[in-house]
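Got some structures for you, see below.
Both complexes below contain chain A, partnered by chain B and then by chain C.
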Partner chain A sequence: MSSLLGFIFLVLSVLLSFITIASEIYRKLEFKNFLIISRASTISILFSFLCLVYAFIISDFSNYNVFQNSHSDKPLIYKIAGAWGNHEGSILLWICTISLYGFFFSFQLNVEENFKRLTLAIQHTLYIFFSIFVILTSNPFLINSINVNQGLGLNPILQDPALAIHPPLLYFGYVGYSLVFSFAIAVLLKKNTNNHWVPIIKKWSLISWTFLTSGIALGSYWAYYELGWGGWWFWDPVENISLMPWIAGLALVHSLFMARGERILKKWIIFLSILCFSLSIFGTFLVRSGILTSVHSFATDASRGLFILLIFFLITGFGFLVFLIRAPENERPLDLMFINKTSALIINNVLMMIATITILLGTIYPIFIEILTNKRISVGGPYFNSTVIPILLPGFLLMSIAPILSWQSNKIKKTKLYVFSFLLLSIIILAQSYFTNFNTWGFLGILLGTWIIVASIIAIITSHKLVLSFKYLKNINAFIAHIGVGILILGITFSSIFKIENNFFIEEGEEMKLIDNTIIKFEEIKITNESNFQSLRALFLIKKNNKKTANIQAGKNYYFVSKTITTEAGIYHDWLKDIYIVLGNQEDNKWFLKIYINPLVSFIWIGIVIMIFAGIIGVIKK
Partner chain B sequence: MSRSIHYYKIFFYIILLVSLNLPQIVFSKIALDEEVKKLTLQLRCMTCQNQSVYESESEFAKDITSLVKKMFEEGKGEDEIKSFLVERYGEYILFKPKFDTKNLVLWLFPFVLFLVFFIFFIIRLKKNS
Partner chain C sequence: MKKIIMITPLIALITICSFVLIYILSERNPQKPPSSLINKNIPSFNIYNLYDENKTIKNSDLKNKYTLINFFASWCAPCKVEHHLFFKIKEDNPDLFILGINYKDNEIDAKDYLINEGNPYSFVGIDANGKIGLDFGVFGLPETFLINNKGEIIFKHIGPITEQIIYEQINPLL
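So, the complex of A and B:
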């Protein structure tokens, strides 16, 4: 019943979207009614989505999708999350999000009526493309042709709280760029001369970027504790795909900061706005078509891939065509100097673009090679580490001082102070790393990270008087974001380069010695039965300087329904390091154990949280 | 030329010097385990999803690891071991693609773009000043 209702709401919503677009073309409706129909379409698709969630909650196995992806023994939260833990449901969520962005945009103030109408009409067009995709190839409301009383279950690796909210956050990021796209196209079509659109596009692209950041971070945190590989970023194709619109979006946000007065790179902003959404769709195509080998390959079907490719070409082609025909002129030549804010921002944007292109190239290169030479090659982490990181390095150096550069001249206030502190910092860090464990990348990473933090703090102290107000926070927001990046760089450097790994092969009751007087005692093995899985846990006691500090558990889960085993890493969090235990196989009475000591992993998450915080501050109006 | 521009240039030269003068080679004997780790991190575990041989617990990964270790002990070099593995399993096993004609675009394109932009930028700067 709920399936039928859901489908009806879906179709109704598409019809309402058609009416919205038709009324924009024929101009038959008043603005007020136009908005009502547009919003009704969103409400209708929301109902449709709720119907699907409801079908999952009550385990309605007459729905084919529920039957395929759910099981009545699952805890409630995973029943709900199961609604978007599969291809059909997640695409329904995707179109819901397109519609929701249009819905929220319809309440945006300070937009001319014509402008809003056109943007919404374009947004509805995008919505219709994707909803036809849902109806034709990925309908989540299909009826199960056989009568069953049990489902096949959700992929156990997805049964995790972080992963339950990871897809919605990610989609709010990806799909947010659809609105930025629609708005940019509307700007091109209207050829309007004033620059009122700049703050609006800034706000929406910042919202999308913030969601995308949280989505990626959550996915990466999940990979850290769930995959049990000891790391948190693997240059997996699907990770790369999410990184592309993220970097392009970051470039967009930065180029929007150049929108001061007349000095504005209109062409570039519009180009990036179109690009971000194109990359989002292209990413969806790559993931959904299954032509990439990845930990995420759970939904693969060639016809779906082709359909999305078609949509991708239509939308991107249309977008860039309009761009070519009606590209706005930059009003004034740029004041490039060595080095002022304008040129710093341009360097930043270009480097980000090159990084994006490199990631794209590395991700799709194996596909080309396979088609052309029939050979399979892999492009993995080592490639990206040795291309993307060196390319971004100058950008990282620049960002430490970029916010204090001036627009018109190439002078910086208090240059001496900066030069001096940079020198001092390099000497200290060089000495420190020389006497401990010298590593070129480690040294560079630490220097960059600390320098970004120090320079930003100097800049905050010297150029803004401390006042406890929101305006102050807003003024130093760029520095806050950059401090977040600095902390992130430190976390990445330490946790990847100075990671220590220990392998043990021991029995219950034995102890293991690690660095700085830490002893881990392998206490016992415990097996318990949960509602939908059996858990095997090894209990450990961590002692430091002979004092008990913590208990942690590491183990595996065995899921009955899908007959799969997942790794559950045991992690002891500390501000300065994580102790990360992975339980391996058993031989006789002994167990293989892998224990990683990951220094400063917490800095990664702290850095990202600071960046997200800065994103939120940036969105909120004064 | 004002003084501040002068300082400014010094600042950039320092950055350049610091990044170039880094001791590139550390003259210490890397232990065998480290070498094995370095190489197996660059090999794909063929039976897993996008995981390196080093990180994987699978049978395949164990076999490859012991094979690599054995070959190192026999005195074979990194390149030798790699080409042996490529012959046996195909280039798919390498996470870091070889630098050859087929992969020229992959390796050079990003840096060519980088250079082109750099030159273009300098020309624009000269024109402006």
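So, the complex of A and C:
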């Protein structure tokens, strides 16, 4: 029943969208009614999605999707999350999000009526493309052809609270760019001369970027803490795919800062707006068509791939074509100087674009090679580390001083103070690295990370008087975001370059000695039965200076329904370092153990949280 | 010059799309690498009968006849979907030896399953710990293999078979 209702609401919502578009073309409806129909379409698709969630909650196995991806023994939260833990459900969530962005945009103030109509009509067109895809190839409301009283279960890897929020956050990020795209196309089509649209597009692109950042970070956090993959970034195709719109979106946000008064790089902003959404769809295509092997595998089907490829081609092609024909003219040449704010922002944009293209090349290179030479290769970490990081380094250096540069002149206030602090910092860090464990990348990373933080703090102190108010927070927001990046760089540098790996092969009751007086005791192995899985846990006791500090567990889960085993890493978390234990195989009475010491991982999360915080402040900022 | 820069994104788009299109249409799928077992001899095995522990079957017993091997389990729903088709295959090819291998299952459930769904197999073997499945490269049930009279694997299918597959791919080989 809920499946049928859900499908009816889905179709109804598509019909309402058609009416919205038709009324924009034939101009038959009053603006008020136009908005009502547009919003009704969103409400209808929301109902449709709720029907799917409801089918999952009550374990309605007459729905084929529920049968394939759920099980009545699952805890409620995973039943709900299961609704978007599969291809069909997640694409339904995806189109819901497109519609929701249009819905919220319809309440946006300070937009001309004609402009709003056009933007919403374009947004509804995007929505229709994707909803036809859902109806024809990925319908989550199909009826199960066999009669069963039990489902196949949710992929055990996905049975985690983070699953409930990781995909929705990502989609809010990716799909947010659809609105930015619609808006950009509307700007091109209307050829309007004033620049009122700049702050609006800025707000929406910041919202998308903030969601995307949280989604990516959460995925990373999940992989590190829950999946026990031993790291937080793998240059997996799906990660790269999310990184591309993220970087392009960052370039967009930064170039929108350039848009002050008349000094506007309209063309570039519009181009980036189109690019961000194109990269989002391309990412969706690569993941859902299954042409790249990745940790995020969805059930794949060639017809789905072709369909999304077609949508991608039409939307992106249309976007770039409109851009080609009706590109806005820059009203006035930019004030480019040797080192002022505008030139710094342009260099930053160019670097970000190069980084995006480099990642794109690395990600799709295997496809090109396989077609041209018929060999199957994979491009992994080494390529990306050795290409993307060097490209970003000059950008990081520039970013430490960019916010204090002037718009009109080459002068930097308090140059001497900056030069002096930079030299002092370099000497201290050089000496520190030289006497400990010198590593060029390590040195560069620490220097850049700390320098960004120090320079931003100097800038905050020297140019803004401390007042405890929201206005003050707004003024220093750019510096806060950059401090977040600095902390992130420190976290990345330490946890990747100064990571220590130890292997042990020991019995229960034995002790292992790690660095600086830390002893880990392997206490015992415990096997327990949970409702939907069996867990095997090795218990460890961590002792520091002969004092008991913590108990941690590492082990594996065996899921009965799907007959799969997941690895559960044991992590001892400390502000300065993580001790990460992975339980390997057993031989006789002995167990293989891998113990990593990852320094300063917490800085990664702290840095990202600060960046997200700055993103939120940026959105609220008028 | 300016025009060329403006056209670049479109050219890049068309290049990428055409490569990807060729890729999809050539039906390459990294998730389903071609089985390295095709045209090779079947892995050696010795499997016990579900109903009688004293009866076993080895790969040498499969020489000089065509054999269809189907990995199934009572916990596998897609297996249920394809199950009735084996009766059809049996009807079409009465001489074909159909070996059912019960994969990572328990015996009572397996027997119940064959009572409820019927037993189209000439012999039902048990692979309780999945060791035989491992040798055959099984990674998702159901999987079906066709072996020729020289003991070579000539066809492999992952997932439930359909009537179309029987008519277009299996029957022509027999």
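The rule is simple: the second predicted complex is superposed on the first by the 619 of 622 C-alpha atoms of A that agree within 3 Å, B and C clash if a C-alpha of one lies under 4 Å from a C-alpha of the other, contacts with A are read in each partner's own complex, and residues count from 1 in each chain.
Going forward, a contact is a pair of C-beta atoms (placed from the backbone, for glycine too) under 8 Å apart; a residue touches a chain by one contact, two chains touch by 3 or more.
As the structure is a prediction and not an experimental result, all values here were calculated from the model.
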Exercise for review: Record, for the superposition on chain A, whether partners chain B and chain C clash or fit.
Suggested key: fit
Review point. Taking CA centres, what is the chain B/chain A/chain C angle in steps of 10 degrees?
Key: 80
Exercise for review: Would you sort A:Phe320 into first (chain B), second (chain C), both or neither based on which partner it touches?
Suggested key: second
Exercise for review: Go through the superposed model and pick first if A:Val419 touches only chain B, second if only chain C, both, or neither.
Suggested key: first
**Study point:** Greater chain A contact set [chain C / chain B]
**Key:** B
Check your understanding: Thinking of the overlay built on chain A, is A:Tyr365 touched by chain B (first), by chain C (second), by both, or by neither?
Key -> first
Check your understanding: A:Thr387 contacts which: chain B (first), chain C (second), both, neither?
Key -> first
**Study point:** Lowest C-alpha to C-alpha distance for chain C against chain B (Å)
**Key:** 10
Revision key, fill the gap. Overlap of chain B and chain C contacts on chain A, residues 293, 297, 376
Review point. Okay, in this complex, where on chain A does chain C touch?
Key: 67, 145-146, 148, 152, 271, 275, 278, 282, 285, 289-293, 297, 300, 302, 305-306, 309, 312-313, 316-317, 320-321, 323-324, 327, 364, 367-368, 370-371, 376, 561, 563
Point to revise | Partner chain A, residues of chain B touching it in the complex | key: 2, 4-5, 7-8, 10-11, 14-15, 18-19, 22-24, 26, 41-42, 44, 49-52, 55, 57, 90-97, 102-103, 105-107, 109-111, 113-114, 117, 121, 124-125, 128-129
Revision key, fill the gap. The residues of chain C that touch chain A in their complex are 6-7, 9-10, 13-14, 16-17, 19-24, 26-31, 75, 77, 80-81, 104
Study note, to complete from the structure: Within the complex, chain B is touched by chain A residues 229-231, 234, 236-237, 293-295, 297, 335-339, 343, 346-347, 350, 354, 357-358, 361-362, 365, 369, 373, 375-383, 386-388, 391, 393, 397, 410-412, 415-416, 418-419, 422-423, 426, 438, 440, 443-444, 447, 584-585
